[in-house]
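These notes concern the structure reproduced below.
The first chain written gets the first letter, and so on, giving A, B, C, D and E; residue counts start at 1 in each chain.
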Amino acid sequence: MATNTAAGGASNLLRFWPWVVIPLLALILPQIFDSRHGITLLSHMGIAIIFALSYNMLLGNTGLLSFGHAVYYGLGAYVAMHVLRMVNDAGGEGLPLELIPVVGAAAGLFFGVIFGSFSVRRAGVVFAMITLGLGALVHSSSLMFSDFFGGEAGLFGDRTYAPSLFGVDYGSNTNTYYLVVAWALIAAISIYLLRKTPLGWMANAVRDNPERAQFVGYNPTIVRFIQFALSAMFAGLAGGLFVITDEIVNDESVGQIQSGIVLLGSYIGGIGYFVGPMVGAALVTVLESSLSSYTEAWVLYFGLLFISIVMFAPMGLVGIVHTQYLTWKAGGWKGNTGIRLYMVLAGLVGIFGAICVIEMSYHYFRSWDPSAPFALMGFTVNATNALPWLISFGIAVIGFGLMLFHGKPMLARRISGSSEGGKA
Amino acid sequence: MLKIQDLNAYYGKSHVLRGVNMSVERGEVVSLLGRNGVGRSTLCKAVMGLLPPVGHVEFDGKTLSGLEPHSVAHAGIGYVPEDRAIFPGLTVAQNLELGMKKKGQTGEKWTLEKVYEWFPRLKEREHTPAEVLSGGEQQMLSMFRALMGDPQCVLVDEPTEGLAPKVVADVAAILKQMANDGLAVLLVEQKLSIALDIADRIYIMGEGNIVYEGTPEDLKNNPEIRKEWLEV
Amino acid sequence: MLETIAYSILNGVLYGTLLFMMSSGLTLIFGMMGVLNFAHASFYMLGAYFAYTVGLATGFWVALLLAPILVGAFGALVERYGLRRVHQYGHVPELLFTFGLAYVIEELVALFWGTVPVPYKAPASLDFTAFSLMGLDYSMFKVFILLVAIVMFVGLWLLLKKTRAGLVIQGALSRPDMVGALGHNVPMVFTFVFAFGCALAGLGGVVGGIHFVTDPGMAFMMGPIVFVVVVLGGLGSVPGALVASLIIGILQTFFLSINFSLAGAIGSLGIEDSGFFGVLWHMETTRIAAVLPYLLLVLTLIFRPRGLFGKREA
Amino acid sequence: MTKRNALELKGVKKNFGRAEIIRGVNLDVHEHERHVIIGPNGAGKSTLFNLISGRLKVSDGSIKLFGKDIHNMPAHKVNRMGLSRSFQVTNLFQNMTVMQNLRCSLLWSEGHKYSFWKSVMKQDRVTEHAMALAEQLNLHKQADTPASLLTYAEQRALEVGCTVASGAEVILLDEPTAGMSRTEANDAIQLIQRMTGENTLVVVEHDLSVVFELADRISVLVYGEIIATGTPDEIRNNAAVQEAYLGTEVH
Amino acid sequence: QEGPIRIAYIEPLSGPFANVGDAGLKHFRFAAEKMNEQGGILGRDIEIVAMDNKQSPSESVSLVQRSVDDGINFVTQGNGSNVAGAIVEAVDRNNRRNDDKVIFLNYAAVDPALTNERCSFYHFRFDANSAIKLEALSNFMKTRDDQIDNIFLINQDYSHGQFISSRMKELVGEKDINAEVVGDVLHPIAQVRDFSPYVSRIQQSGADTVVTGNWGNDLSLLVRAIDSAGLDVNTYTYYGGGLGTPAAVGPRGEDILFQVTEWHADVNVDEGLEEYEQWFVEFKERYPEIDWYYHRIYNQMHMLKNAIEEVGNAEDVDAIAHALEGMEFQSPTGTVTMRAKDHQILQPMYISVMDADAKYDADNSGVGFRTVANIPVEEATDTTSCNMRRP
């Protein structure tokens, strides 16, 4: 599944552009989405990116599937929140706000060491199920031990009642956002560099063949353990940042949904690539918070999108781009770029049709008066008439049909034709 | 009889078999020789349908090319792959059971008892997971597993790999026995001595084609051919 | 105390059989095929909804038969056109596929049947008090649940003993090509087993939907408990799943039935009900009961990674 | 001059359940010698390797490496004490390239341990060493090829390379030439001789020509017991060995 | 100012609680439509902007931000006091740091803290808080204490349930109810599948009365378990009449399932509230699956309208908040007052019991509710520790 290896066997493209493009994007995006909500969303993306990168240290690099990574994110957040509240209570004196995330990281590391000590002995399903159990236990505890966790109401703090190292006013969302960006960059670079160290290499080695790793002198359990603890540390850092942007923390931050989301995001982006989880996490954050404001059917779309990525792009979104890029570079697009475009277009048409069908179904089943006219893609339709259904289904069938049964075979023929021609 | 006509096979874009023609009659052992990597194992896989074959393969008049592997097996072809492919999680007995086409049903010539008699070690290890068997034991298991399905034709890919000299002789005897029972035996073998010893006919493959066909005696007397196609 | 124990055993067994019903299909799918089927609970939910809808037309008894078949057929489609494709990429994608599927199924159920619970009730022929014990009534339906669970157990046992599906699948997990070359139609066996597992989940839903509540949240509510049962029992072990269900059922019932906390038993010893240990000291067993399965899960996996009855390690 | 013993096995026993597979093996392997173990299939040769290398725990007896007790140590510790092994079935980091495989095999012995503050690619010693190994293995052209795409013989060569890489003094090879053609096997033997130089070498082999070409001394393991140890000539002429292993096929 | 007056409705519209959020949305949409037919507010339409918070507090915080960004001045929410707490916090923070302010109209979150130690000038609660509901309930129980001997408390293990458990025990003493609390258990929220062990404890304790703040499945399953074990107890609830419970419980709850609410459907019949009955019937025609359940949404929407009309625009949030503070409103059930001190509404309450003969059944379950007691405003009140900071 994950083909990248320690050296990130990928091409130069993947090696360098992220370090230019991502910081640039981080600076440009807030100019475009300059509303408070937009900035918060961007901050959340930054946090999700750190969290996903830390998660991929486990899943992508070490081959450990965790269902409970939010435990470290959440516990980091809680501890950071307690420190922030101490600072608040001290009248805004004490640890500067910029360093609060470090507290989260320390807490993540601490709990990573404790829980890691007994959960990494085995990989595979055993590890996955231990993390599932631990996740459930910690989540339940967060409601039981309300002294520390503040019950289901959670804990609140105020980032503006804390000193700043650089005298920045964090009342402004934008300033907070830049703090997130700074930390995200630090975290991303550290995690990236970690992959290049002996530990990072051996994490890959242990993922691929723990037995052989033993016979070159490494104890797989210790490799996993260190990776696990470090990954928990970065998760804690993300949690600490969350405390700063949202000024609230509650049980959901240690919960199973949080753990699930990071898995989804990392995978959608592509766990075989360093930037994969970043892309995935950012995308999931955006979809989660904005899709729901456009359509009632957002969960369905989310589920379908997700299923299609798993089925048709097992290497994730970055994987698609990367393989296409490689093909293109190797000249595999020559003479068939048109067909490829045609397939994409047909696919889009199919998706358009499918969206119409889904939207109409929701209107039909959910609205109190299904026959009431409603706006669909710029048209006003009546969902109780057969015609719009026929048209929508038609578009969907034609679009997907052309893509799969016309474009695809054509592309396959063109490719095999050209390669044979090359040989002859 | 197994008949292979103009068989081609590809791994992705690499064209490995380039129009192979050969046949194996019932009652004979045919050895397929060739250098490493010429495509002998690929031939077996293509016949089994494990690789999409391009060309024509038939057995006893039934066309095999284009069938799924399980249908090929049901047409009477048994397969002993070169990497043994035992099922590690399953016990010896379960491995053998999976060889049977119907639950608990073997052919008349090769029954479970017979196997255990030939190779008592397997009986002793009946309930141990196959992955802990010794290399040689796994090889024997793989071969007997194929026999459990009562095949009419067997493709045996490097059966003597990793076997002690004494057992190699046993294997040779088993192959002979199978041919005597009326099976068609296609033997892919590295060790020239054995191949020449038990084969009725010999094919040599080179560069994805059959480049030589003859009897063992012919080959023994033909050092040029051996030099050209079998040595580096 | 004796009464409490007797009660715990009786009710624990009842609850345990329900757990077994919900998780037995997963024993097949997860234990044998290695598919971490997060949509298992969704198939369970479909069972309940199908039975409700079919039952409106045909009555309960026909629905009892038909609904699992429908769910099984749906499962077969899912396997054939979804999972099979994903299978080649490995276990994580499989898991994620079912994850997405769970979302989609829940949405579709909410779309077609609405978000409020449907009035899916026990048929009159089962809706009476079968016997009373220690002042509590036990309805015929509970006895019926027990019967259904036994049928499921036997069905599973037959599948495993009388067919080689288990062997074929286990073999195929390591060498699918070779199992095929030995004459087994591997894809078909996979589809069949997956469908069977789904049908079992559906059957669980037919009964569970009545016993609990039939609403789109019912899948979520069942949550990961089914995984706990399967892993605790040992992957692929049907008796293991049964025993694990019973253990969880009885222990949980017992914890809920007694009024115990360390502080209550030993005295508060001046330990305040705050701070980590303080809270633990005063924690009543009833509050722990819900997390008990997870505690068991983690402890079991640490000390006996293959579960109670498992032969191979997960 | 008495030779130091690299390996000393005393009364080593191993049973799986009731089946006793190794029944009290006593074996001395001298320093710098090439010691070949032969024996029928299922005699326990691989099991013996597993016991020595720490992959399995012994049921009874003791194993010493240069006088230090190593039995029941976990595999990575045994490896760190200077013993390295290859596997009967190729066992590499399949997704990694040749160079990456070699680098990984070198990391520990070059003292990098679990460090997460230095870059692997910047460790020039490791790089040089790995390059040199790749060249010796004749794999330098495939340096950036993933192991899974190598031919069988190349994989076996890499397996040997990874085993030797750590600079262990004692090297165990389990059927290094299995599945190779005559010519490939000859190449492999030369490779092994070249790579292992002064090291102590313990090899399991079925191919008799390989055995006799390589061995300083031979031990014959039959049903979990060593029935004979001696020079190739002694073994060749040992009646019991002929009976138990060689059969009539002796050259 | 042009365009509609928008209210952001921040509730779970997906996931396991979607049914609750969905029902509330239908209430708001219906009320808005009815009022728009009457000319809206200041001639402007009311528009409900649905936002899915997935029942997550932090998601809700960012939805508050989005509302502000979109120029929305009112947010409303009710499901989950933890979410409400987060919204209060977010609203306060926003109003402190920014010029475009928002008001939080809470229609269902009952945690007393929100109008006590955590009270806020921008938060208004239109539901009776938990303390008030218990006050009403215990007043009723006092009148019945000849029939009540042993009380069993079973609640969800979070602040809502914990509050009921501890406060009810105090009230038994305070009100001098001639009964004893014989059991008190907390169970994890939304995790219990089988309530029979709890039922056995109820049975063993000899209780004849159960008091619970449970809602959703936790209530349905509890009531069904009590019924199927053949236990003869009365169950007093907060939410027996809604959130899916009537459908799930059905006739099993008849005469044993009580609820304390500010209204129920048959109040219209009993008190001859024809206009409001019409409102109820229209709602049912439109959404046949559910019923008009949240009377407080009626109050809330009308009081907001009055406040805005009093101020004369919908943008001056501080003025509107001041107008709401202390406002009296003639609700169909009587006069209700938004207490100025803590922004808690005070209103008459009803104790009712499930009844198959009620004119209107709830959620098509075949059973509705029959009033067993009216609790006048004076008896449905609490004291508050709120120390409000006003701008």
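FYI, a residue touches a chain if its C-beta (ideal position, glycine included) is under 8 Å from a C-beta of that chain, and two chains touch if they have at least 3 such contacts.
According to UniProt, the chain labels map to these proteins: A, C = Branched-chain amino acid ABC transporter permease; B, D = ABC transporter ATP-binding protein.
Worth saying up front: this structure is predicted, and the values here are computed from it rather than measured.
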Partner chains that chain A and chain E have in common: C
Farthest-lying chain, centroid of Cα atoms versus that of chain B: E
Most distant chain from chain D, judged by the mean position of its C-alpha atoms: E
Chain centre separation in whole Å, for chain C relative to chain A (CA means): 30
Averaged-CA centre spacing for the pair chain D and chain C, given as whole angstrom: 49
Centroid distance [mean C-alpha coordinates] between chain D and chain B, Å: 30
Whole-Å separation of chain centres (CA-atom averages), chain B against chain C: 46
Multi-partner residues of chain E (at least 2 other chains): 14-15, 157, 188
Overlap residues in chain A, where contacts from two or more other chains coincide: 140, 144, 299
Contacts with two or more other chains, residues of chain C listed in rising order: 107, 287, 290-291
In the complex with chain E, residue positions of chain C that touch it: 7-8, 11, 14-15, 18, 107, 110, 114-119, 121, 129, 132, 134-139, 141-142, 212-213, 215-217, 220-223, 225, 252-253, 256-257, 259, 284, 286-287, 289-291
Residues of chain B defined as touching chain D within the complex: 35-37, 82, 121, 124, 128, 132-137, 139-140, 158, 161-169, 190, 192, 231-232
Interface residues, chain A side, partner chain E - complex: 35-38, 40-41, 44, 140, 143-144, 146, 151-154, 156, 158, 160, 171, 242, 246-250, 252-253, 289, 292-293, 296, 298-299, 368-369
Residues of chain C defined as touching chain B within the complex: 163-164, 167-168, 170-171, 173-175, 177-186, 312
Chain C residues within the chain A interface of the complex: 34, 36, 82, 85-86, 89-93, 95-97, 99-104, 106-108, 111-112, 224, 227-228, 231, 235, 274-276, 279, 283, 287, 290-291, 294-295, 297-298, 301-302, 305, 313-314
